[in-house]
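The following pair of complexes shares a single chain, chain A, combined with chain B in the former and chain C in the latter.
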Partner chain A sequence: MTELAEGGARPLIEKTGSRRPTGLLLVAVPVLLMAWLIIWPIFNAFARTVWRPDADGDYGFNLSSYVFFFSDQYSINNLTITLWTTGMCALLLLVICLPIAIYLRFSHGRLPAYVQALAIFPMFVPSIILAYAFIRVLGPNGMVDILLNSVGLPKIRTPYLTPWGPVIGLVWDNIPLTVLILLAGLGSVSNQAIEAARDVGARRLQVFWYIILPRISNSVLVAISFAVLGIFSSFTLPYLLGPASPEMMGPFMNRTFREVNDPLNAITQAVITFCFCIAFGLFYVRSVARNQGK
Partner chain B sequence: MKRRTFMMSAAGAAAGMAILPRMSFAAEGVIDWYTSSDSNILDFWTNIVKPAFEAAHPGVTINLVDAGDGAGIIAISERAMAAKQTNTDPQADFFESADPLLPAGAIEAGIFVNIKEAGLSNYSKLNPAGIQSDYSLPYRGSQVLLAYDTTKLDPADAPKSWDDLVTWIKANPGQFVYNRPDKGGSGGNFVRRAIHQANGLDPSMFTVDNYTQEFGDETLGKAWELLKDIAPSLYDNGAYSSGNTQSIQLLSQGVVTMVPVWSDQVLQAIDQGVLPDTTGLVQLQDLALVGGFTRSVVLETGTNRDAALQLADFMLSEEIQSAILTELGGFPGVSWDHIDPELRERFADIVPQSIPTFPGGAWEAAINDGWYRNVAPNVDRNS
Partner chain C sequence: MSTLAPSRPRTDWTGIVFAALLSAAIVFPLLVVGTWAFTEVWRYPNVIPQQFGLRFWGQTLGRPDVWGSLMLSLQLSTVVTLLSAAICLPAAYAFARMDFPGRTFLFFSFLAGHAFPKFGLLIAIAAIFLQLNLIGTFWGVVLIQLVGTLLFMIWIPVAAFQSVDRRMEEAARDVGAGPFRVFWSVTLPQAGPTIAAAVLLSFVGTFYETEGAWLIGAPGIRTMPVLMISFINNQMVIQFGAVLSVMLWVPSFIALMFARRVIGGGAFARGFGA
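Take a look at the complex of A and B:
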């Protein structure tokens, strides 16, 4: 702690070569907590699915639960729908959030403030409320149907209880985070660069493609990996809005564990889900590392 | 600046650690009560049972906690089993609805009170049909029946047998929906009724310990065929709602004409205006839809074991048993002789002559898994 007393006189940005352990101490608590609550259970889960007793009670290496998962068409369908939902959500998020973020970055005044508030609003709505609101609005004979009916139009084909239900819910739920990250990324695009490009005759699309996009590609990657990580293992929205089958991995794992009383296969599903998430996570880590290296 | 930040985070971390592992102990005189039932049951306890019991037993209060679902109760039982090994307090006294057979070995571990031997003054009043184990108390019952919209279906034409029902479903595609069997008892017991239908309408074929893979595949397989047969005629070409409430919601929005419902839930929904007065109720006459008793369990190792037993006895009193009929729309756990004759007369319609039941245990897991694998996916929804 004596080091700390000297610390007060140090310049704001560390220039000396000597590193103090203060930083490490600060991160120690969260890191230990993560090791205890997340990393240890992962290894534990993985070990319990591959090293377990056989019929005679002898412990040994056993991959049969993984073989079952990948040879079981039902499980494969669930994995496929999860990947489809995740991919579709990522795509829709980009298509929806990029224009919003660019609009917010380059416009001034009161209207953008309202747009921003509206874009952040879903962050404050719990997903269970969202699910029931969704059913009342987009569900069968919901508000949209009533409005359409009042002007003599046919009803919509409701996305409730179809794979599109969770997609719509999850996209809405993830808009705030994606917009915020993209907006932060757009901060690094300088007005001068765009003005310079305009001066030499670049059109809007060219400005976006050659000036803005290269600058924010990193943010896009970060935003998408954040959204994808959450969506891949989401539970509430697919459970309430999605079809009974195929189901996403979140409800599938939960059901296998609780309703089918089959912890082994539930843990296997969890490990497989984790492996996909770690792949997305590596994208994120790599892009952050590349950014820091610059 | 840096030092202050460090001090602040260190103080924060220290405070966090101080709060984190704090032990809590169950209080004497506060019965820790858990339920896995729907919110209408919790409301019933909050508004009726709790005030009445606390008024009759000064100094004792009930702490009502929603454990979520059956698996939530099992998790608390497992905790109680672990606590018993170290002689610690399980922080639970009373389960409103539980199966003493789950988790396996709980009775042998001695965490549940043998209610038959516990000397409850009202135990002899229990309806013998409800008693499944000496360790549980069947204090209320409810049954699944069919609720329908009388503006679309004339009560005279309402189906009275399974075959009529299937004919009606096929003649009116998209007008019937039941929920996924593991997500709520109304759909779950509709599926169990299909199992009875496929196996000669004999509920006694299925007992809590006669499940084998072979017998299960054979009997359940036939039921999956029946359910697959009606699947294309269900709402949205074979969609299944995700719970009892969602089925009622679809009925109330006029999306479907008929859904299976719990008797208590639908009577309350009509009472509260969630469903209109034009909602009709019908029970199949060839064999009723499966119903069941809700059984309470008292924890042997709980701090308030004796108070919890008083509560169990109180639940069988005439006051509460009548309230189950009048306030909850369920039916009583005690035999009908112990019910006020006036009430007996008034509720003659919803009181079933017989209540077919279906065992839990291994059957439940087999049904939950089998339905998802065989019935749910077998429809081309886009066709």
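Take a look at the complex of A and C:
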């Protein structure tokens, strides 16, 4: 996946002019499919929420669905809980994954291999199974309650169906990618730089702050972008583990579209989530493209 | 578990703490689910189930909705993976080996699907499917899941085709092999394992795809994960969910074994732009 553009080493592309149309023909189907099912829906969503018929049936510029969203307290609450959940997840992911990644970068042996295997493991657990496991462990009368009870401690206040439910589930789900991205970024921190700093008496925290952090800041941003894009409009975990009200944008859009049967407002909500994530999306595309172009 | 890192005399306390915390957070919940799947009676507050057994496996597998969903999921994943391979592998070959106008732009344009919040995108697509009467149909779900496989099924095979040794292909051509013969006997065997991993990942990814199937498929199309959502929501017999979880996890485990090839080192993360 990464060897895309090492053009200097060997000629990457056969420069035979006669094959030009063949190439376009071969990529046509996936490109058209993507244009139809990704690019077109996005433009369509923008267009049909701002340019639509009014009460008399005349088409015109009309922002009323956006005005409604931002004047409706319930919608605002849902947006707020989504922003809170996303921010909290991003923060927790960094706090959990940075130490793990740094530990993995600077150790060798069987124990770090075990830690790495565990950190990547959630990637292979479908979120639906995660949701079920969460309920059995942290839910009411779950395994944690059983264990606490057996040693005579009171039950926990279960995070199931509270805003913390989706946070825990989403952090669990996103640990592998965050660790992998940070670990890849840490590859650019040389051992010599660390040793040199340690030789002149720098402490661990100083080494982290002045040597490691500046070199991996880009990876940290990529990891956060990726997590934010995934979490902001996540559906399955908030739907199964979160409270019914306020709900995150994913379940909110789902309910507006399917249960309330109101596609216009559902699309409006979708466009609003696009706008909140646009910066992260652009940053993500730029980093991948730059990385592939190296 | 060895408590000593081999190259180092002192105990790796950081590692032990991480290993213990991650085991508790990641392995423990799955063990609890595994235990529930083989439990017949487990009343609070007993730490260990009162009675183990396979009774609920029979009951779960005896449910017609479970069989229906399993068959549907397998069908969907097969159709989506075959279609995806049919359209993406030639495209990947073209991206890797041919020059055509807009090649770089088109190649990176596949990132678009990952640069937007996924469920928002699904809503936008669903609005279009609503007009086309594709909501609640098999082919509607196929389309939505097919789009989800595009990036993987193009980018991984492109890297595979590019890593094939061109000199061997040229040598084969020099001794008179035609282009298809070269592709079949030289290119494919070298790129094959990575492509197989991509195909497997897309099969497993499609099998577990929940959100598109939920939004586009309902109410007519109930895939395995969608059925599982209703099991969790309706709080039916606890063991049904546990048995399904253990069953559902098997394909994931196979993927895990295969994907170790692809997800080696930082290559995978770099694909995400780290």
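Everything below uses one rule, namely that the second predicted complex is superposed on the first by the 245 of 294 C-alpha atoms of A that agree within 3 Å, B and C clash if a C-alpha of one lies under 4 Å from a C-alpha of the other, contacts with A are read in each partner's own complex, and residues count from 1 in each chain.
Operating definition for what follows: contacts are C-beta pairs under 8 Å (C-beta built on N, C-alpha and C of every residue); 3 or more make two chains touch, one makes a residue touch a chain.
Keep in mind it's a predicted model, so treat the numbers as computed, not measured.
Of the two partner chains, both chain B and chain C are touched by A:I135.
By the touch criterion stated above, A:Y74 is placed in contact with chain B alone, chain C being left untouched. Shared-chain residue A:T22: touches chain B and chain C both.
After overlaying the two complexes on the shared chain, residue contacts for A:R258 are found with chain B and with chain C alike. In the superposed pair of complexes, A:Q192 makes contact with neither chain B nor chain C. Look at A:F121: by the touch rule set out above, it reaches chain C but stays clear of chain B. Once the two complexes are laid over each other on the shared chain, residue contacts for A:T162 go to chain B alone; chain C is not touched.
In the superposition on chain A, contact of A:I267 is made with chain C only, not with chain B. Comparing chain B with chain C, the partner in contact with more residues of chain A is C. Of the two partner chains placed by the overlay, chain B and chain C both lie in contact with A:L240. Touched by chain B in one complex and by chain C in the other are residues 4, 10, 12, 22, 26, 29, 135, 141, 239-240, 258 of chain A. Within the complex, the chain A residues that touch chain C are 1-4, 10, 12-16, 19-24, 26-27, 29-31, 33-34, 37-42, 44-45, 48, 99-100, 103, 107-112, 114-115, 118-122, 124-137, 141, 143, 145-147, 149-150, 172, 177, 180-185, 187, 219, 222-223, 226, 229-230, 232-236, 239-240, 249-250, 253-254, 257-258, 263, 266-267, 269-271, 273-274, 277, 281-282, 284-285, 287-292.
Against chain A, the residues of chain B that register as touching in their complex are 1-3, 6, 9, 13, 69, 71, 180, 182, 235-236, 239-242, 246, 249-250, 253-255, 364-365, 368-369, 372-373, 376-377, 381. Of all residues in chain C, only 1-3, 5-8, 12, 14-16, 18-19, 22-23, 25-30, 32-33, 36, 44-47, 87-88, 90-91, 93-95, 97-103, 106, 108-121, 123-128, 130, 143-144, 146-147, 150, 154-156, 158-159, 162-163, 166, 208, 210-211, 214-215, 218, 225, 228-229, 232-233, 238, 241-242, 245, 248-249, 252-253, 255-256, 259, 263, 266-274 touch chain A in the complex they form. Residues 4-5, 7-8, 10, 12, 22, 25-26, 29, 74, 77, 135, 139-142, 158, 161-162, 239-240, 243-247, 255, 258-262 of chain A are the ones touching chain B in the complex.
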